[in-house]
C-alpha cells in the first residue's frame, strides 16, 4: 500500500470514529478546569479503572467483527471471578485461576457451537447464556459477595510494576496481542472477511465455521481473564457485577466504530470507545458530579453518540 | 409402509413436533411434574400459576410488537423504574385513579420518545435501536433515581386510599386474580390489534421489509412510533402491576426486565428478524417459563438454580427453534 | 462437429444430469470447450445454465455423467479446489467482500500465502496492472464501480493461474463503455491462451465476440455451433423452442394530452430535470447505469428527498413528500430491485399484492379478510400468476411471477401513472412478453408509463417517446420509431451536437 492510501485509510478511521471527538472534547475541556485530571496519577488511575472493560472489549470485538456479538461476557465475568476465588479452597492459586479461564473458554466454545455451527442468532443465544451464567454465579456465592483471603491473589489486581498498575500493563499487553492478531494474521483477516460477507468468505476457501467459532472461544477466554482480574482487584467475587457489563462493553465497542453488521472496525477503535466511557466516569468524578447525574449524563452520551452516528449515515444516504 | 413412506411419515412427525415444539415441551413438563409432585395439579397451585401472569407478561406483550416490527427495545427496564416511582408518589398527591392514568401515560410517553429519538436519527437497524434504547434506559433510570432520591417508597407511607392498587396487586374476582384479568384484557386487545387492524398489518410489513413497505405507501414511521409507544405503555402497565404486587417501589425494580421480556418473546417463536410472530406465541413462551419455575419451586430447587434452569431452557428452546428455520 | 483431439479441449462435459425434487434441471448435457476460445452459452432463465455452473464450481454434485477438465476427470470438487485446478467462475452476484480492500479481496483467505499485507497488495497490484486496471489496491470494494469489481474478480481468477474462466452474465449491470473494456480484456485473455465460457442472454454480445455458442433449453443442450454460422432469429427460435414473430407487442397507439408535468428536479446528481408525460403513452428513460434514471423516478415518487421541484398532475400541483403521497396522487412504482425494494419475501402472495390497497379491504382500520382474499385472487387470475394458492410465500415463485405480484399490487388501485424501473430484469422471455402486454394494456386504458430499462431494445421497442439522460441531465427527446438507434445512443452517451 502506498503512502496516500495509507493516510487516507487513517483519515477514514478518524472520521468513522465517534468516540475520538468525544475524548478530545473532554481532554480539551479539562484543560480549563482546576482539577487534578492531568496528573500522571489520575491518568493511570483512569486507565486502571477502565482496564477490565477494555480487556472484555477486545474479545467481544472479535465476535462483532465476525458478524456476531457476545452478550454472555457478563455472565462469564462473574462466574470465572467467583471460581478463581472459590477454587482456591481446593487447589493452589494459579491452577484455580487457570481453571477459571478454562471455564470461560468452554463457555465460549459452547457459544460458538450454538451460534456458528448450529447457525443460531448470536444476540439472543448469548443473552440467554448470560442469564444462565448469572444463575450459576448466584448459586456458587449464595448471592453474597465472596471475599478472598489470599493476599497474593489480591496483589495481582492491585500491585504495581515499575510504578505502573499491573492491570494497566496486562491491558496494554492484551491490546498489542489482539491488535496484532486482527491486523497481521491470517486468522484476523479471515474474521474481517467472514463478517464482511460470510458466503464469499466460504467460497474463497476460508474455514468459516472454525474461524468464527474460534472468535467466540477467544471472547469467552478474555471474559474469564477479565473476571479473575476483577475479583483480584476487588478481592471479592460477586454475582452482581455482571448485570449490565455485557451491554456496556458491546455498546462501547460499537461507539468506538466497530460496526454491528460485521467486517468493519478493529481493536484500536474498541479501545477508544471503552476509553471514552472510562474517561467520562473519571471526568465526572473530577467535577464532583453526583452519582445520579453521572448516570443521567452517561445515558445521554450513549444516546447522543449513537444518534449522531446514525444521523451522519442518514445524511449520507439521503445525499442523492 | 414402504421405506420411503416410512421416512416421509417420520419427517412429517418431526415437522409437527418442531412447529408445536413449545406446546409439546409444556405438555411434557406438566405431565412429568404432575407425576413427581401431585400437588402441581391442585387448585391452589393453579391459582398460583395464574398469579404468575404478572408484570413480565405485560412487558413481553408490548415487546412482541417492537420485535415483529423489526426493532428492539432495551429501555423497558428504565421505563419500569420511572413509572413505578412516579406513580406511587402520585397516589399521595393526585389520588389513585389520576395516578394510574398518569403512570400509564408516562410509560407510553417514554416509549414514544424512544421512537422519536430513533426516527430523528434515521436509525434503521435493530443494532442501532438496541444501543440507542440501552442509552435511553440509562436515562430513564437516572430520572427515576433523581425523582425518588434513590429511596424506596412503600404503600404504608401513603395516607390516602390505595384500594385500586391493592386490588391490582392482590385482589381476586372469585378464584381469579385481578392481575390475571388485566392480562387477559390486554391480551385480547393487543391480539385484535395485531391480527385484525391495518396498523397491525403495517407493523408486520415494516418488520418484513421496511423499504418495500415504504415504497408501497405504508407509513412505516408511524408504525415505528406505534410499536415503541405500545411497548412503553405496556412497560408502564407492567410497572404498576409490579409495585402493586410487592407494595413498594424502588427506582431499580425494573432491572433485568428487558432481558427476560426479549427472551420470552423469542422463546415463544417470534423471530428477531421481524415480520413474524404473535402475542399468542409470547403467551406460550411466558407460560413455559412460568410453568418451569413453578415446577422447580414445587420440587424445591433453589431460586438461583432456577435462574440457571431458565437460562438453559431458553437457550435450548431458541436453539431448537433456530434450527427449524435453517 | 469437426474432429477434435482430446488435448484440444480445456473442458469436456459428457452426459451430465442433475435432478432436484420434482425437476430435472440438467438432462444429459454435453459441452466441449476448445482451448483458447470464447464459448458462449445462451438460454432462457431456467434452461439449466446456472445449475451447470454450480456443478462445475462444486456447489452442487452431479447425479451422473463425466467432466474432464484439462485432461483430469473431476468427480467431487469444492469451490476452492476448482479454483486451484485453474477453473474460475465469476458469478453474477460478485464474490467480493465489500468491507475489505481490493488487494485483500484478490487474495481472500490467502493472507499467509502472500506473506502478509505488504505482499498481498504488491501481488494484487501486479495482477491488476496486467489487465490494465488502475484502481488502488487499498480502496474498499464498496467504493468501486461494478465494472471495477469485475476487473478485481478477473484479477482474482488470474491469481489462481486459471485456464478457464466462466463468466455468468457479466454484462447485466455494465455500461456500454465498461462493456467495451470487458470485451478488450476477454480478447486479451484469449490471446494468452485462456479459455472463456461466457453465459449471457444478450445475443448481441454472443455475436460480438464468442467463437462458438451453445444453446440450452429446459435442461437440454439444443445445439452447439460456430457463431459465424448462425443467425439471430435461428438462435432465438432454438432458445425458446418456438418462433417468436415479435419480441415486443406494437406500441400503444392513442396518445392524449399531458397527464403529468415534472419541473426542475435538482439534486446532487440531477440537474434541472423537467419533462411531460402524456396520457396513454409509454415514456422511456435511456441512459447508462448511474446516469440518474432511477434517481429521477425516485425523486418524483417521493422516495428520495429532493427539494424545489414541482410535479403537476392534470395541471394541478401535487405535493409529494413520500411514497404514500405519490400513491394517493395516483402514481405507482415498480422498483428497481424486486427482492430488496419490491417484495416482502417471507409474506404470502396475497399480502404482497394487497399491501398498497389496505384501505380497500378495511373498515375503520379493521381488516376484512374476505375482501383481501378477493383482491389477491382477482389479481392472481387477472395476471395469470402461476402459484398454487394466494397463501404461498412469494419467495417460492419464479422471478416473472414475483414481478407480476408487484404489478398486481398497483393495478388494484389503478394508478394513472405507472413507473417501472427494470420491470423485466431477470425474467425469462415468455414472462417478459406478458409484462409487455400488460404495459400496453395499462397505457391503452388511459394510463401512462415511465419505463426504465438497461436493455436498450426493450425501451426502444416499447416506448412512444424516449428521453436520454447523461450524467444527471436530460440530453434529448426522440421518437424511437423514427430515430436511428445510433442517434439515441449518442445522446445517451453525452456526445455533443447530436441532441434533438
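Should a chain be cited, it is by its letter among A, B and C, assigned in written order, with residues numbered from 1 in that chain.
The rule is simple: a contact is a pair of C-beta atoms (placed from the backbone, for glycine too) under 8 Å apart; a residue touches a chain by one contact, two chains touch by 3 or more.
This structure is a prediction, so every number in the text was calculated from the model and none was measured.
Asker: Among the chains, which one keeps its Cα centre farthest from the Cα centre of chain A?
Answerer: C
Asker: Highest contact-pair count belongs to which two chains?
Answerer: Result: the chain pair A-B has the most contacts.
Asker: Calculate how many whole Å lie between the centre of chain A and the centre of chain B, each centre taken as the average of the chain's C-alpha atoms.
Answerer: A distance of 29 Å separates the two centres.
Asker: How many Å are there between the centre of chain B and the centre of chain C, using C-alpha atoms for each centre?
Answerer: Roughly 45 Å, centre to centre.
Asker: Taking each residue of chain B in turn, which ones touch at least two of the other chains?
Answerer: As it turns out, chain B has no residue touching two or more other chains.
Asker: Name the residues of chain A that each touch 2 or more other chains.
Answerer: none
Asker: Provide the list of chain C residues touching at least two other chains, using ranges where the numbers run on.
Answerer: Within chain C, no residue touches at least two other chains.
Asker: For chain B, which residues are in contact with chain C within the complex?
Answerer: Residues 196-202, 204-205, 208-209, 211-219, 275-276 of chain B touch chain C in their complex.
Asker: Which part of chain C faces chain A closely enough to touch in the complex?
Answerer: Listed in rising order, the residues are 78-80, 83, 95-100, 103-104, 108-109, 111-112, 116-118, 121, 136-139, 267-269, 295, 298-299, 304-306.
Asker: Going by the contact rule at the top, pick out the chain A residues touching chain B in the complex.
Answerer: The touching residues are 114, 118-121, 123-125, 127-136, 138-139, 142-143, 243, 247, 250-251, 254-255, 260-261, 292-293, 295-296, 298-304, 306-308, 310-311, 313-315, 317.
Asker: Given the complex with chain A, which residues does chain B contribute to the contact?
Answerer: Residues in contact with chain A: 74, 117, 120-125, 127-128, 130-132, 134-143, 145-146, 150, 255-256, 259-260, 262-263, 266, 272, 302, 304-312, 314-315, 318-319, 322-323, 326.
Asker: Write out the stretch or stretches of chain C touching chain B in their complex.
Answerer: Chain C reaches chain B through residues 301, 303, 322-324, 326-328, 333, 335, 340-347, 351, 355-356, 358-359, 362, 365-367, 409.
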